[in-house]
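To keep things clear, I will list the structure first and then write my remarks on it.
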């Protein structure tokens, strides 16, 4: 069987590097090109040393890209939309890992990204790359806008209750604990090891841009508020969302909702164990995997439910989510190339 | 000047060990006895190696305690109350670092600790050891029940707004990110390094016992909900509390409230900087210090305010808070022995 | 094709759990039994939560073991040898992950393990499970004694020079930096997170038992000295060995030796890059992989060469090494089930 | 008593910041000026947030420096020597934290620093700032070249045996495990948190510049070889040195040597305990302290002794060492301002 030829644009970053890692082990894909302006000419292993003995590819410049089957765009925000025409001339299928095509409504885009969208007429062509919500639209899709990592934890944590129309009487507060890789591969004062290691730093108390995705994707109209805190981990997000269930609705009903909506999902696991030390989702267990683990606990007195969701931000939060979407788009087994089960301990 | 003779009961734990460290450097205190049933006969440096060359004390058994001026009780929950008569015979001043005498109302105690209080008639004699709220009562006090560490972050984060009677229209959600030392010095499956390091684990989604202290200490009647998550840090708590301010109340007003209430506090710092990497409270900066750093950020659209508070759970959360209370009780400079300003980086 | 039925004895530990993880994804193996005295009756996911949705196996008691094709023994030191007859009755192929059958000479065993070997007449039946040194003996082998993790880093670091008979004129000093998982899954005072995290602790300055394996396996007679230091990592060993090359021998010659001996090895990578931040082996890159990365640097003035070797102690140091050996023994592709290339960053 | 007025040049780095922290709490010093070209005009707390509420100083430019009593130079290598005349015009006492004036012999300087020394005629005026070796010369000194951090661990580990003339028959191998703060406050690719955290990376296998200090300071003529490895810690160095004692010399004799030479040293502790988890030096215990902990273990069979030494690289390795030297130079209590005993756990 012929493998699809894949080019990764912006392959020296963490998102592009992660897609590269997954694609190298994928039986239907062949990575033929990887670009990096800064590292053009160097082997990809110079930047991604985990690929030693697994890839002899070298970075090339974007200007030297040749046509291929699938184009993975892993560029800083804004670049994919501005150069879209160029990219559309290179490949039939394009997956964008940035935020450029996630938001359908140009007004909402402008509100959160502080500028007019560079290609508003194109927004309708893109499918939001979240298989759990958009599996049917993804089948055969050729334009996939990969979902944001923090947004994914919030959306997957809340989707079952909202899809089933459970009326949530109060505001929802969702807090994400985020690893350092989510800020990308470029060194900065805030990522300097002596400053970052061991830090618990609120970096986005209010006004997180992923709010735009949450608003767009979750059914219904409800007040939700996001905060994001950096943690000492490298990978991983743990999000806790506090919501309130209506009178007469119990933890058992919550169970039922999650089971009903996620029963067939290959990458969602309900984690809720009575005993032991692994009772709830923990990103520590998910490095390298495409799982989103979800748990919850209800306080019957107050009606508060704490929903927890954990992912590897570079896999289920970015490259794995994208590959799962591509698998669906191509009609392949949805889990192809995403079988890694994670390490314990690690 | 004669130093007060101090005995620390339960000195091989982290709370007792931290009080020992602080007391050894305190100009008005002389530690003469430290107990540990498990380590009786061993030098204190066997357990607390930081004290090498600073103390030649040896642990003794509780049964061998002799009278002294100040008794610091650092025993597991329940022990102080059950043996109170014995301890009252040994010293005029007793400071309990456990939860035994924090709750004034035996009913509330029973609700949260699942048993009748062993000495309900004694509860009225104890002052809740939080200098910011109870400074006047602490002057001359001889029974001090040191405040809980997570409770302290919540109480200090919210006190100004509630004291000033700002009507908070919605539920408050407070989430604490807690270091591993808060669980004590005894090894367990959940504290085993390969399992705990790197973990982000919700260990108390609902039903945290410190809710009892928060209810008791904060003025007014308002709905508040607590969750606690373990983090890879050893020391430190970062609490974020989401609350909603009424229409017409702005971030500037929040500033005013914190300034008004905390202006003279020696150990509370309002941390809210526009630029740089140290914009908000971070427990990473507080190891070994008695500070509680407090910051906040308002979302004018939704009226949500995220209040952040950070402490070292063993200092401002336990032993430092206790020493600050003792300083007040004795009429000494409140900051005596608590001058350490913390390290950067570390 | 029929898969071989595998039973893992002592499957709640880290070595057994890691073999379980690898075997679950191996196309020629089917794990049918896992024992744990402490956790009998519980699902394996209770202890190894990474296996959720991947295995529904439950732990059983050793006494309930039924015959199978391959028995993996992951018991504390001494147990495999003492119960060998029992195990031999259960399976034709036995792989022992403990130290029991690694040492061929009962005298040497006694010297390092302080007791007479329980089954000295059986020692000759076992192949030392290091594929790089014993590939031919492993073909068809039914008794494999998996090599020790620290020993593996030392042996693989030094083997090429000694195999080629380079005369090393001075003593060799080898220091291993070891992650916390190497001490096993049982909680202890030294593994308690507040005590272990961030620690750099010499736990075996002299007298390391793996010296026995190093002596036995490396050709020639030369003085070597080992030390082991615990580090804050969970997985991984980095060993640095200082040796001296004879006059006239250069770094280029060292290169040649490693290339000659390891050219065809699927899991050894020579890592020596002039620029960038990934110039030498680093266990950080190897979690979950079966690679042993080896690098070196020579000081031409003094003739000292620093050889560095890095592995994941649970994979190339234990379970992966064992699986690679089993693949060889069975005549399968040596890399089967060991394809994971590792994460960057992580 | 009048405090000496101190100016810190290069105060936004970690070494300068640490001296600032110590000086702010020192009863005989008053910091009046701190320079930073990059941060001129900002409060020192913008860079060193631990100093909030403890200092209202602002950074100024070097060009704006005014005369003072003591000048602390914390500039990148090469700057102090090149601008020496300017600095000599500003203060009677100068302490340089860089490597510029450590090496007495311009030839040796050139060999290790690859350039001619800019002020070779001045080298003789500077005392090497290691109190344990140069206490007498430090009394009254006005030019102090603070010792290098890794060099300090090696020198203090080996000094007693060499001072007493114990003949060491073989090469000494010393390996330093070093925290990330030793590389300074400037962000770089190698210090980027996702790349550095969890890393064990040999960054200087051979050719470490501190070899120059070790050669100069240790008595006798003996072969020694250094390597340096970066670790996940932020502060701290643990050095292990393997040496060989002559026949007839035992571990008890080693004990005697260390006791004899270091008996009166206020900041050296011999750490060698038979039991428990704190048997040997560990930098984890030393953050913020001026201690150098030293331990050792002998292998009677081979005559190898492993000596271990641990420090906080920013305190005993830099700013604390400098302050101890200044205390001696001024005739003050040597331990003034260096009383912090360190935290446990932390």
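Order of writing sets the labels: A, B, C and D. Residues in every chain begin at 1.
The definition used in the following text is that a residue touches a chain if its C-beta (ideal position, glycine included) is under 8 Å from a C-beta of that chain, and two chains touch if they have at least 3 such contacts.
For each chain, UniProt lists the protein as follows: A, B, C, D = [LysW]-L-2-aminoadipate 6-phosphate reductase.
Predicted model only: the values in this text are computed from it and were never measured.
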{"item": "Chain pair showing more contacts of the two, B-C and C-D", "value": "C-D"}
{"item": "Reference subunit A; chain at largest CA-centroid distance", "value": "D"}
{"item": "Chain centre separation (subunit B, subunit C; CA means) in Å", "value": "45"}
{"item": "Cα-centroid distance, subunit A relative to subunit C, in whole angstrom", "value": "35"}
{"item": "Whole-Å gap between the CA centroids of subunit C and subunit D", "value": "38"}
{"item": "Per-residue multi-chain contacts in subunit C, two or more chains", "value": "14, 181, 189, 194, 198, 232, 234, 276, 282, 345-346"}
{"item": "Topology of the chain contact graph, where touching chains are joined (line, ring, star, complete, other)", "value": "complete"}
{"item": "Contacting residues of subunit B [partner subunit A, same complex]", "value": "170-171, 173, 175, 177, 189-190, 194-195, 198-202, 205-207, 223, 225, 227, 229, 231-233, 236, 238, 240, 242, 244, 276-277, 280-284, 295-299, 302, 304, 306, 308, 310, 345-346"}
{"item": "Subunit D residues touching subunit A - in the complex, by the definition given at the top", "value": "14, 179-181, 185-189, 191-194, 196-198, 232, 234"}
{"item": "Complex contacts: residues of subunit A adjacent to subunit C", "value": "14, 17, 21, 24-25, 46-54, 181, 234-235, 269, 271, 273, 275-276, 278, 282, 285, 287-289, 291, 293, 339-346"}
